[in-house]
Amino acid sequence: MARFFKKRVEAKGLAPGSLVFIGNQKIEKSSMKIIHYDKEHLEEIDIASVEEIPALKGAKSVSWLNIYGIHDTELINRIGEIYDLHPLVLEDILNTGQRPKTDEFDNCQFIAMKMLQYDEEEQRVSAEQLSLVLGKDFLITFQERPGDVFEPVRDRIRKQKGRIRLSGNDYLAYALMDTVVDNYIYLVERIGEQIEDLEEQILENPQSETLQQINVFKREISFLGKVIRPVREMILRLTRSESGLFHKETMPFVADLLDLATHTIETIDTYREILSDYLNIYHTSMSNRMNEVMKILTIFAAIFIPLTFIAGIYGTNFEYIPELGFRYSYFIMWGVIVIVTIIMLRYFRRKKWF
Amino acid sequence: MARFFKKRVEAKGLAPGSLVFIGNQKIEKSSMKIIHYDKEHLEEIDIASVEEIPALKGAKSVSWLNIYGIHDTELINRIGEIYDLHPLVLEDILNTGQRPKTDEFDNCQFIAMKMLQYDEEEQRVSAEQLSLVLGKDFLITFQERPGDVFEPVRDRIRKQKGRIRLSGNDYLAYALMDTVVDNYIYLVERIGEQIEDLEEQILENPQSETLQQINVFKREISFLGKVIRPVREMILRLTRSESGLFHKETMPFVADLLDLATHTIETIDTYREILSDYLNIYHTSMSNRMNEVMKILTIFAAIFIPLTFIAGIYGTNFEYIPELGFRYSYFIMWGVIVIVTIIMLRYFRRKKWF
Amino acid sequence: MARFFKKRVEAKGLAPGSLVFIGNQKIEKSSMKIIHYDKEHLEEIDIASVEEIPALKGAKSVSWLNIYGIHDTELINRIGEIYDLHPLVLEDILNTGQRPKTDEFDNCQFIAMKMLQYDEEEQRVSAEQLSLVLGKDFLITFQERPGDVFEPVRDRIRKQKGRIRLSGNDYLAYALMDTVVDNYIYLVERIGEQIEDLEEQILENPQSETLQQINVFKREISFLGKVIRPVREMILRLTRSESGLFHKETMPFVADLLDLATHTIETIDTYREILSDYLNIYHTSMSNRMNEVMKILTIFAAIFIPLTFIAGIYGTNFEYIPELGFRYSYFIMWGVIVIVTIIMLRYFRRKKWF
Amino acid sequence: MARFFKKRVEAKGLAPGSLVFIGNQKIEKSSMKIIHYDKEHLEEIDIASVEEIPALKGAKSVSWLNIYGIHDTELINRIGEIYDLHPLVLEDILNTGQRPKTDEFDNCQFIAMKMLQYDEEEQRVSAEQLSLVLGKDFLITFQERPGDVFEPVRDRIRKQKGRIRLSGNDYLAYALMDTVVDNYIYLVERIGEQIEDLEEQILENPQSETLQQINVFKREISFLGKVIRPVREMILRLTRSESGLFHKETMPFVADLLDLATHTIETIDTYREILSDYLNIYHTSMSNRMNEVMKILTIFAAIFIPLTFIAGIYGTNFEYIPELGFRYSYFIMWGVIVIVTIIMLRYFRRKKWF
Amino acid sequence: MARFFKKRVEAKGLAPGSLVFIGNQKIEKSSMKIIHYDKEHLEEIDIASVEEIPALKGAKSVSWLNIYGIHDTELINRIGEIYDLHPLVLEDILNTGQRPKTDEFDNCQFIAMKMLQYDEEEQRVSAEQLSLVLGKDFLITFQERPGDVFEPVRDRIRKQKGRIRLSGNDYLAYALMDTVVDNYIYLVERIGEQIEDLEEQILENPQSETLQQINVFKREISFLGKVIRPVREMILRLTRSESGLFHKETMPFVADLLDLATHTIETIDTYREILSDYLNIYHTSMSNRMNEVMKILTIFAAIFIPLTFIAGIYGTNFEYIPELGFRYSYFIMWGVIVIVTIIMLRYFRRKKWF
């Protein structure tokens, strides 16, 4: 996950505030889509170039401009001019390694988040930078590539489900953030299930691969924590924001989102603890095995070494060993051997070694 | 316990604020019960359908509406309309995975808790979502299924015990929360007794099952902590609430409840520490045993391997070994063997190995 | 220590605020003693029943009512009526498992503490609940049984030592709390000495009992911490109290008490750390011993197993083994054995194994 | 890193506030450079001695005086007089072991930081003390030796890149701090890459040198944390500064710098955790190996010791051992040996020992 | 270090506020010295008895009364009367186990610290209680015995070095505290050097004494932390003091002292971490050694036990063993032995065991 961080460095030495795209370009050409709506009307417009962006300021209806692809500094710069955005906002939009945060500016609230999605095909989590700029009359969202995360929200707008068509752009911003957080929860749940499924294996037959699995999960859970924890912080700051961009009616929803993020982080912490417990159990089971191995060795050694000694005694070639001449000596030796063995076995049995 | 969390995800993609039941439906049909009381009068009414709910607002007496079963979104929605509840309240009521919390709204205080009960028959803890909505003239409680947790409170109302009939609906809300917290304490005590009973076993004869037992207790104690910690937070917020729904006379009782919750959490932390100590003792005892095993092996090996070597020497077939011909060689060998053995035993005795 | 906690549960289901004694009754019959004093006068009265309590309110002198034995709910209730105490105060007084705390009420300050005393005869610490109720004109103290902890304070009153006769009931309350905290320090010192005395044993010859000892001390130190930490919190709250019951002149003394409690807790933390270090040293010494055992085993095995092999070779019965016929073969074998042994010993010596 | 600290002690016993250089002198002679600029003009002057410093106070353009080499107390003292700096500022400038901090004085803001640079030639990080003094009309920076860290900033000034020529000396101070923090990030990234590259080695074939490597990285990461953490604190204090020296327009940039520092520290913490995980994996792999060693030993011992015993039995010289005379005894013995071996191998195979 | 604490207990049962010396008396007779100075004048007076203390109150110059030896309660009491000090101040002065703290009283600021000095002769740290009482017109310092810690300050006064003669008694108090903190730093540096010197030994050849050394350093570092941490707290409180006894001009110096104390504590924490790392390295090296020992044992056992078995086979006395009669059997056996040995050695070599 540390790789996120690096890109920023490529811009080292540049003027702070200069517009540079930091990240991997994920699509070839940026595209845009505007959705205007109010209680009664709904209009969706696909926009090819910046020039086509209509003058939205002052409109009464909700205006949602969504940009896919943020590598085009020219485009971002132009949008910045149209909406009169602070240079730092533009810089942050272009930085895909931006830490989740929210900043208040005179004319807008800037929100940066990470969208996490589990890519079923590639079997891995893909992370994408999402920036929201909430102004008095507009909401602009910046994604790295076209994706269908927000499609359910668009559906709700289209089908007039819920309160979305009755509310302003602040509610829309909330709805989008809620969708992102829901995706976090889905991921946490997914990995959580896998972690819980590991328990049986840990308890019954931990292997060296089990340990690697635990370490992989630990890394993943830690990564999720690092992404979601600042999001919680950010939402907390939104609930305390006094910019007025989030209306009083929307505030309870933001507070609810905060609860959700808190709950998610607590769940992450729970899984972290479970993984720690797993590690402990693994280590103990290792010691237990070592104990077993040592016991087996000791039982064999303690029984057969003395017996071999006895046999050794009568293998000596001394000229005068009285026992050698007795007729039943050999059988007596066997008797002694059997008795010694029984005594040893009893001893170890009493020690509960087997 | 992570399972609690998942259900929310089933609602992923839905409009935030839309009413969906999240959880396992525990009874077939919801039922309701209203208790009206003041100092002199008491009335209990079982209600079959929403339409029968009488217009309670403005009544001087205390009105307590209790709903069993929260899977019926229609019903919840209807109650929301009657009592003019915020959509988020309704949403939270329907979410059995809701984290304990309290929210202030214009006309009511919403409180969410988890009721924990030890089911003696099934030998396990059952968790149930409890929501309280405290308004100026009413108290509504939502449970997942009929249960007798609140029966003692009803008894006190019926028998005019304590100050309950002399106080308002805020005191009733407190009394109900107090009952829930008392159940937490009972559970903590129960598990605590079992943990303390484990001590002797740990100290004297720790087995591999003992370790598993410790891990089970750790998980359970951790679960209780996760349920009760946010409850404490919630009560703390109630003590600082300025909604005026909790009257000045009730406040000392809420503060007392806070002390109780704090005490419970401290006890949980104590048990957590005890379990950690147990784990340490267990590990040390494992090392001790390993040490024992190694000592036994070493004693046997160190005594018999040299002896076997001596016997081996005189088992060689060299043509000229002067000792072989001496008459008492064999007995001298035995003497040497006995002396070596005594020296070794003394050596190990001095090292306190046995 | 967890046992403290349980008693509360026996009251489960009762109305909160109802008066129930929670704890073990320690004496048969409650008794009372009143001390009136001011700069010039001193009066001590033993009181047999509640009826004899004189009307003290409004008196100019300091009135200290001490009750031994708190199991008599009737008595406590009666005192509550006489002094107009809040029901919660009475409930807390009756609860011997009450966590140290202070609560401000309109007409009094309630303070709950634990008195710890080392019972030299029974060789164990006895804990007793102490409640102080400081009103404008009175100080009431509730102990579980007659004891001489406060005797030095009474002596000071009788002998006019220090400033006690010149000060009000708030100074008396402080003096009593100071006595209790002094007892904590005495206990911490006692156990601390024993812990420090353990060091030599740990460093030189740690036994399995040493480990148990460490664990016992850990539990005791942890218990002291749990008792004293909330007392510190409570005193901190007293220093910030604005009830005016503690006068400005007494405040520096309370602040001094806070320093003392802080110091005590720091000392406890120090001992906790020392015990942790002990545990570490113990574990390391265990590993060291295992290392020693293994080294001895390895030295014996590595020297004698090859030698036995050599002897074994010449114990074979092959018809043609040229060496067997040489006259000095046997002595040469011995020579080889001696050389091998010397080489091995040097090798292990160079490895610093012995 | 502790060495930083020591130098201060050399000044022990001196009057606090007396000017002493604390550190290693890194260049022979101090040199100075002044850059004056505003939107339209730019002037760079190299200054040989203090006398040449022009009277800058009151100038409208930005005046940046940079001093290389801070061992010349005379020079520093003189500059202090010219710009009317507080004696403590001068003392802090001369102390190369100064902890990163910012202090507000009546006429200036003092900022102390550490510049870290990776010296590719010497293969190690070099640390240098940087002091900034931001006054109303001037910015003075003190470095230990000439270096090119600030060259990109000078380039931007010269080439009119970004907003630097349009902004005041506060923006210049920000730009310099930003450059320093960018260098931190570069270092963290560098070491982070090396840490991540270590993972494969840890997982596949951890050696004793791997452990030393981990410990080296731990020390380095810990050092970076100790340098950067107080820088973050310092920037936080700047964002809250009310001196007015940082203008309202520059504030968002400082806040952005704070985000960057926070991000850096979080990354450091991540690497710290990764290193901890590495250590855990290393220890577990050590245990695993021990287990392997023990298993091999046990397999050999458990198979061959009983076999040797069997052979030993028939090596005895008893006169009457019936088996010895049977024609196929020898082959039967071999059969028994093979069977025992197969049984043992199966037993260990079933235990998954090989 | 816990011993510090105990002394207080000797005063158990005494009236709080009564004057008792707590500690070991370090000199026979107390002595006193007064230094009066202002910008122009300087007067040093040695005082034999309390009666000789001149009336200093109201004087314009700085008056510094230094008392060596604090066991004389009579003297302390008398000084308390002369300067009108609060009884708690006197009590704290007499308690050599007093925790570092500062208390504000109406007419003075009380400061308690520990002076630590490394006694080169006795090779150990000696701790001494230092109390400062800063009034409007005076500064009184109480030391346990005559020592030269403050001599450099006196020298500066005498030689008019620095700003000390130009400043008031608050600056003098600061200068004395600065000297004490400088001594802390010197001690931390000293022990830090020893800790760093230990590193090589730890990495190359850790012995059991090394472990004891680490534990000694841990204890010492922990002790320093416990002494210096409350000093930092105390200085922090001084920077926030509103008594006005510390003038505005002195405040930056106190803030500087705070930085120094913070830096010292951070250094202590660094050394604590280094010691933890040492412990880890030590433990790992122990495991490594055990691994080595086990490998040697296993190599010897795995090679020679099978060989001994082969020899044992041909040592049996079966009448019909075909191999025995073959002429080259013996040499073939040797061949087999050599081959087996080579195979085993290769096997262990491939496993990198030697």
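Note that the chains are named A, B, C, D and E in the order they appear, and that numbering of residues resets to 1 at the start of each chain.
Here is the rule we use: a contact is a pair of C-beta atoms (placed from the backbone, for glycine too) under 8 Å apart; a residue touches a chain by one contact, two chains touch by 3 or more.
Just so we're clear, the structure is a prediction, and the values are computed from it rather than from any experiment.
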Next item on the list: Could you tell me which chains are in contact with chain B and with chain D alike?
Entry: A
Item checked: Separation of chain A from chain E, taking each centre as the mean of its C-alpha atoms, in whole Å -> 43
Check: So, what's the distance in Å between the C-alpha centres of chain C and chain B?
Finding: 26
Checklist line | Junction residues of chain D - those touching two or more other chains | finding: 287, 290, 294, 297, 301, 305, 308, 312, 315-317, 321
Note to self: Which label fits the chain touch graph of this model best, line, ring, star, complete or other?
What the structure shows: ring
Notebook entry, point to check: What is the order of the chains around the ring when you begin with chain C and head toward chain E?
Noted result: C, E, D, A, B
Notebook entry, point to check: Which residues, counting only chain D, touch chain E once they are in their complex?
Noted result: 1-2, 5-6, 8-9, 12-18, 86-88, 91-92, 99, 101, 103, 105, 208, 211-212, 215, 218-219, 222, 226, 279, 282-283, 286-287, 289-290, 293-294, 296-297, 300-301, 304-305, 307-308, 311-312, 314-317, 321, 323-325, 327-330, 333
Item checked: List of chain C residues in touch with chain E within their complex -> 152, 156, 161-164, 174-175, 178-179, 182-183, 185-186, 188-189, 192, 196, 203, 252-253, 255-257, 259-260, 262-263, 266-267, 270-271, 273, 277, 280-281, 284, 287-288, 290-291, 294-295, 297-298, 301-302, 305-306, 308-309, 312-313, 315-322, 353
